[in-house]
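This report concerns only the one structure given below.
As written, the chains take the letters A, B, C and D, and residue 1 is the first residue of each chain.
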C-alpha cells in the first residue's frame, strides 16, 4: 500500500500517522520526495482499508493498494488449479463440466425428461430452480421444497448431481441432499448467506453480480473460503451495461483474467447473459475457446410453455447440437468432459 | 401490452396464442396490419412476463409493455403522497426529514455525542450501522446486537427514533425496538428479506441497488407493500457507472421521476453516493432543490478515527453548517422540517 | 508517479529502467521494500504515460499516477475562477449565465420569437443548432449556413450573443460571427477539432462526452488551452448508464468535483440530460444549488412542431417559470444573473 | 411504429394527429382498446423519430419502434454476406481476415520488420497509426503524413494492403494510397466524417464507440452506405463499463447478434478491448469461435520501446503463436484464411 502525503506535511501529524500504521503489523518505508513524501506499507495489508487511512489524517493525499486484498482465493498462494469433484462429476483443472436444466423446476415429468436428455448429450450436472428470484412479486416464485424433491427424483433416475439456488439461510435445511448450492447474482454480496455457506461442506456455485467487479467476486468467494469451505465455483453470467440488445453483456475477458488471479474454477452461463436462445451456441463455443472450466445452460423440454425465461432456453435437441461443438472444442483445448 | 407478430403468421398458431392469452384475464385487440399483425392486451397485465410471451410462440416478433408492472406503489392508483410518521418524526408529503449518524456504531460515547449533536442541528432520526456489509471478510463487520443496544441508549438519551440496517432475516428479533429498518443497496433484490419485511409493521428504508433501475426499485418496494406493509421510504444513494472520480454517480433525476411514478417518499444519501465529505453539502442542497423528501447523512464525532467510511463523514460542526443551508432551502420549497 | 517493481528484479533491468526514466526530466526516488521495491517519480509527469512505462520493462508490476495529467486547466496552478465575458454576458466566477433557445434553428420567425422571449425571461445567450448530429442519416440535419444566418438575425434583433455547435473544421468559416462555439458530446474527443479551436479566440462551450470521465473532459479542455485559447466553458449534460428511464443520467456531483479541480466555469444542460421537459425545472434548481455557473435550456415557441427533441423543450411560458425559481436560488447562492 | 394514446383522448386532437401522420407515407391502423387506444404505423418508418412524435401531441402516451431504423445495412433486405476484397485480401462471408501491426507507426525499420513478420504468420492486412487520438495533448500524436509514407513503404516491400486511421476530413488527401480507412471509436459518431467517407470508394473499417449501442453502430454504418459506399467492415473493440480490471469490456455477444441484423462483416480487436497482451490469445480464439469475420491485433517488433500501448502489443513471435491457434479454429469454422 502506498500513501502519498500532501506537500509540506506537519511533522507531528506525520509522527501520529506512522505510529498509527506501525500498530498494523506492516513494515513502513518513508520516502522524502522533492515535492511529496510517500509512505510505503509492506506486508499483509488485506485487513487495511484505503478509505479509512485516507480519512485518518489531514496530511494524506492518496492511498493506493498494490497487492490484492484477497488471500485464500489468490493464485499467488495456491498456484494449482482447484478441481471440484462431486461423485466423479468434475469442474476445474483439466475437467470441463456442463451443468444443464430448466430455469425453474415445474413438474416431475419435465425434470425427468430434461435430466435424461441432458445426460445423454453429455451434461454432468442437472440444474433447476426451486427458489426463483423474480423482479416482480406477482411472478412465479418457484416450487420451493417440492421443487427440490423433484430435482432429487430426477437425480435418482439419472445419477446426475443437482445444482439449485438458495435465496435465504432460512431454507438451508431443505438443501441437505442438494449437491451444489448456487448463490445467484443478486445475492453475491449477501454476506450473511456467504458466511453461512462458508461453514457448509458442499460446493458453492457463486455467480457474479450484475454490477460486481471481478475483485468483488473474488472477495465474495473469499468470504466462503475464510469460513472453511474451499469448494467454490465462480460463474460469469453477464454484467449490466448501457447495451440493451442483449439482456446483459457477457464479460468473457473475465475468464482468462480471473484464472490468472485465482485457482478456483470458472464457468460461463450464456443463457442468462444473453437472454436469447440463438446466442447460446456461439457464446458457449467462445467460452470454451477463452478458457472456461464449464458451462451452465438452460434446457427445457418445451421452452414455449416454460414458466420463466423460455426465450433463452434450448430444446434438448438444440442442446445436443451445442454439446457436439462444445465437446470438439474442449478436446482441442485438452479438456476432459 | 402490445404483441407484434411476425409476417404472415400461421393461422393455427395465431389461434393457439390468442386462446392462451384469453385465459390471462385480459381483453384482446387483434389488428390486421399491412405488413405485421398486432395483438393489444388491455387490462391488468402485471402478472404477465414479456419474455415468457415472446418465448411462447414462434409467431411473436416483439412484446412491449405499455403499463407499469407495479400497482401498490403506483401513484396512478394512490395519487396522494405517503408520509411516514414515527412518533412525530415525519418523512414525505410536506415533511422533509433528515436522518444522521455514523456509518457504524462504535461505542456508547460516540453514539450519544453524535445523537445529541445531530438532534441539536435538526436531524429527526438517528442512524448507525450495527450490521455492516463489507466487501472484505477481513474488514470490521459491526457490533451486531451490542450495536443495536447502543443505538437504543442514544435514543433513550435524545428521543430520536433510530434507523439501522438489517442484513439477514435471522437477525429480525434483534430489531424489535428499532424504529426504521434499513435494507441496504446490496440487498435491494434479496426478495426473501423483502417478503419478510412485508409482514412487519415497521417503516422500511429501501436503498436503491448499485445497478438497479428505478423500475426495479419500485418492484422491490412492491414486494414489501404486497405483503401488507405500506410504510416504505425509498432512498437514492448513487448508481455504479464508468466514472470513478466519485464512489458512485448520484442520480438526482431519479427523485422527480420517481415522485411522478409513486406516492412513496424518497430521500437522498449524499454521503455514500459521492464517498467524499466535501461533496455532501452541495449534493444535500441539490437534493432539496430537486424535490427530495429527506436526507441521510453520515456524521461522526471523530471522522479520522472512524472504523469505516471516515472519508465521507462530516463532523458535527460541518453537519450543522449543512443543516443551516438545508433548512433554508427546504423552507423555500415549502417543506416542514 | 509511483512504479512498483516485481519481486527480486534483475539488477541490470533496474539500471536500464532508471536510466531510461532519468531522461524524462523527473527526479527519481528508489525505495527498497521488504517485498517489493518502488520507484517514485517526482516533477512534471504530464508527458508520461502509465501504460507505456508498464510495457517498457518486464520488472514493472504496477504504475500509479498521483498527480493530475492536466496543467493549464488545473486549479492548483490557477486558483482564481475563470469568467467568460461576451460583450457583458458573463459565465463563471460570481456570474451565473443562462443559455436558451431551440434544439435546432428552423425559421426566422421561430428564432426571433424565441430569442425575444428568453431574453425577457433573463437568458443572457441564445442557442440554436444549425448543424445537428443525428444518429440517423435520414433525420433532419439542420439548416447549416442558413441556420447561422437566422441566429445572427435574432442576435441583431435582441442583442443576445449566440451559441451554436460546430461539427467539422470544414465549416469553421461559417462561424466567424458566432459568439460562442459549442463542441457537442459526440465530438468531445475529436482532437483535431479541439486543436483547431485552440487557435481560435472565441469562447468554446465543451460538452462532456456520453461516456467520458471528468478527467477526460479536463484533458479535452487542456487541448484547447494548450493551443492558446483560454476561454472554455465546460458543460455537464448527462452520461450514459444502464438506467433508461431518463435519456442520460445527469451527473450533478461532477459540478462541485470539477470546480475543485479546475478554474474553468461549468454549466449544466438539464434538457439533453433527462430528455423530459418535466424534469427541466427540478434539475435546473438542483444545478444552481450544487454550484453550477450556468444553465443551457431548450426552449421552443411550439415544442409540438419541433423538428427534433420536442419532448424535452420548454415553451417560453414554462421557461419563464423556471427562470423565476433559478433567479431566486442564484441570489441565495450570491450569484449575479 | 406503435403509438399508444392516453386515456380518453380528445377527438379533435386524435384527428390532428392522424392527419399529421397520414402525410408521412405510412399506413395507419387505429385500434380502440378498452382503456387505451393505439395507432399502428405500417410501412417505412425509418425517417420518423419516436421523440418527435411523442412531443407532437398531448394525447400520446408512448411511441414504440418495432422495425429497425436502418435499411442499407439491414440483412432483411440484403440476406447475403458482404465480403470486402482488397486485391485478394478478403474479410467477410467465408473469409476470415487478420489485420496486424503496431499501434503507431514509428520508423521504417519498425514497419518493415513488423510487416514481414505478420505476413509470414498469415496476416492479410498491415495496420499502423499515423494519426493517433490521444487523451492528452502532451502525448505522442503520430507521424502523420510521414507515417503514411512509411506504411506505403512496408506495403511495397510485402504487398500487404494497409489500414490506417483518419481523424479529420482535412487529411483525406493523404489517404489516397491507403487501402482501408479506419474510423476510430471516438469518431464513430463524427457524422461529417462518415458522410464524406460515404463518397469514397475505399473500404471503411468502422470501430464501435466506447459507449455506443449496436444499433448506433449500424446507424453510423448506414451513414456511409447511404452516401454510396457499400464497403464497410464493423469492428467490436470493447465498451466502457464499471469494470476496470480490463481497459474495456469486450462485447463478444455483439458478433452473432450483429451478424443476424446486418450483412456487413464484423471483426474483433482484442488488443484495445483488454489492454493486456496476455488476454489477446484467449480473446482471439473466442472471437473465431463466436463467429467473427476477422481480427485486428497489435504487433510491435519491440513492445517495450513502443511509443503507445506497448502493454497490449504482442511480439512477432507471440503473434505467430496466436495465429497458429486462430488458423486451426478458423478451419474448424469452415473459414478461409
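Heads up, the rule we're going with is that contacts are C-beta pairs under 8 Å (C-beta built on N, C-alpha and C of every residue); 3 or more make two chains touch, one makes a residue touch a chain.
Since this is a predicted model, take the numbers as computed values, not measurements.
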Applying the document's contact definition, name the chain pair with more C-beta pairs in contact, A-B or B-C.
A-B
Chain of greatest Cα-centre distance to chain B
D
Note: chain B sits from chain A at a C-alpha centroid distance in Å of 26
Just the number, please: Cα centre separation of chain A and chain C in whole Å.
39
Dist(centroid_CA(chain B), centroid_CA(chain C)) in Å evaluates to 32
Residues of chain C that touch two or more other chains: which are they?
211, 240-242, 244
Please give the residue numbers of chain C that touch chain B in the complex, ascending.
211, 213-215, 239, 241-246, 249-257, 260, 273-274, 276, 278-279, 282-283, 285-291, 328-329, 332
Can you list the chain B residues touching chain D in their complex?
2, 4, 27, 29, 31-36, 38, 40, 42-43, 61-62, 64, 66, 211, 240-242, 244
Of all residues in chain C, which touch chain D in the complex?
46-47, 49, 51-52, 54-58, 69-70, 131, 133-139, 141, 167-171, 186-187, 189-193, 195, 209-211, 216, 219, 222-223, 226-227, 240, 275, 303-313
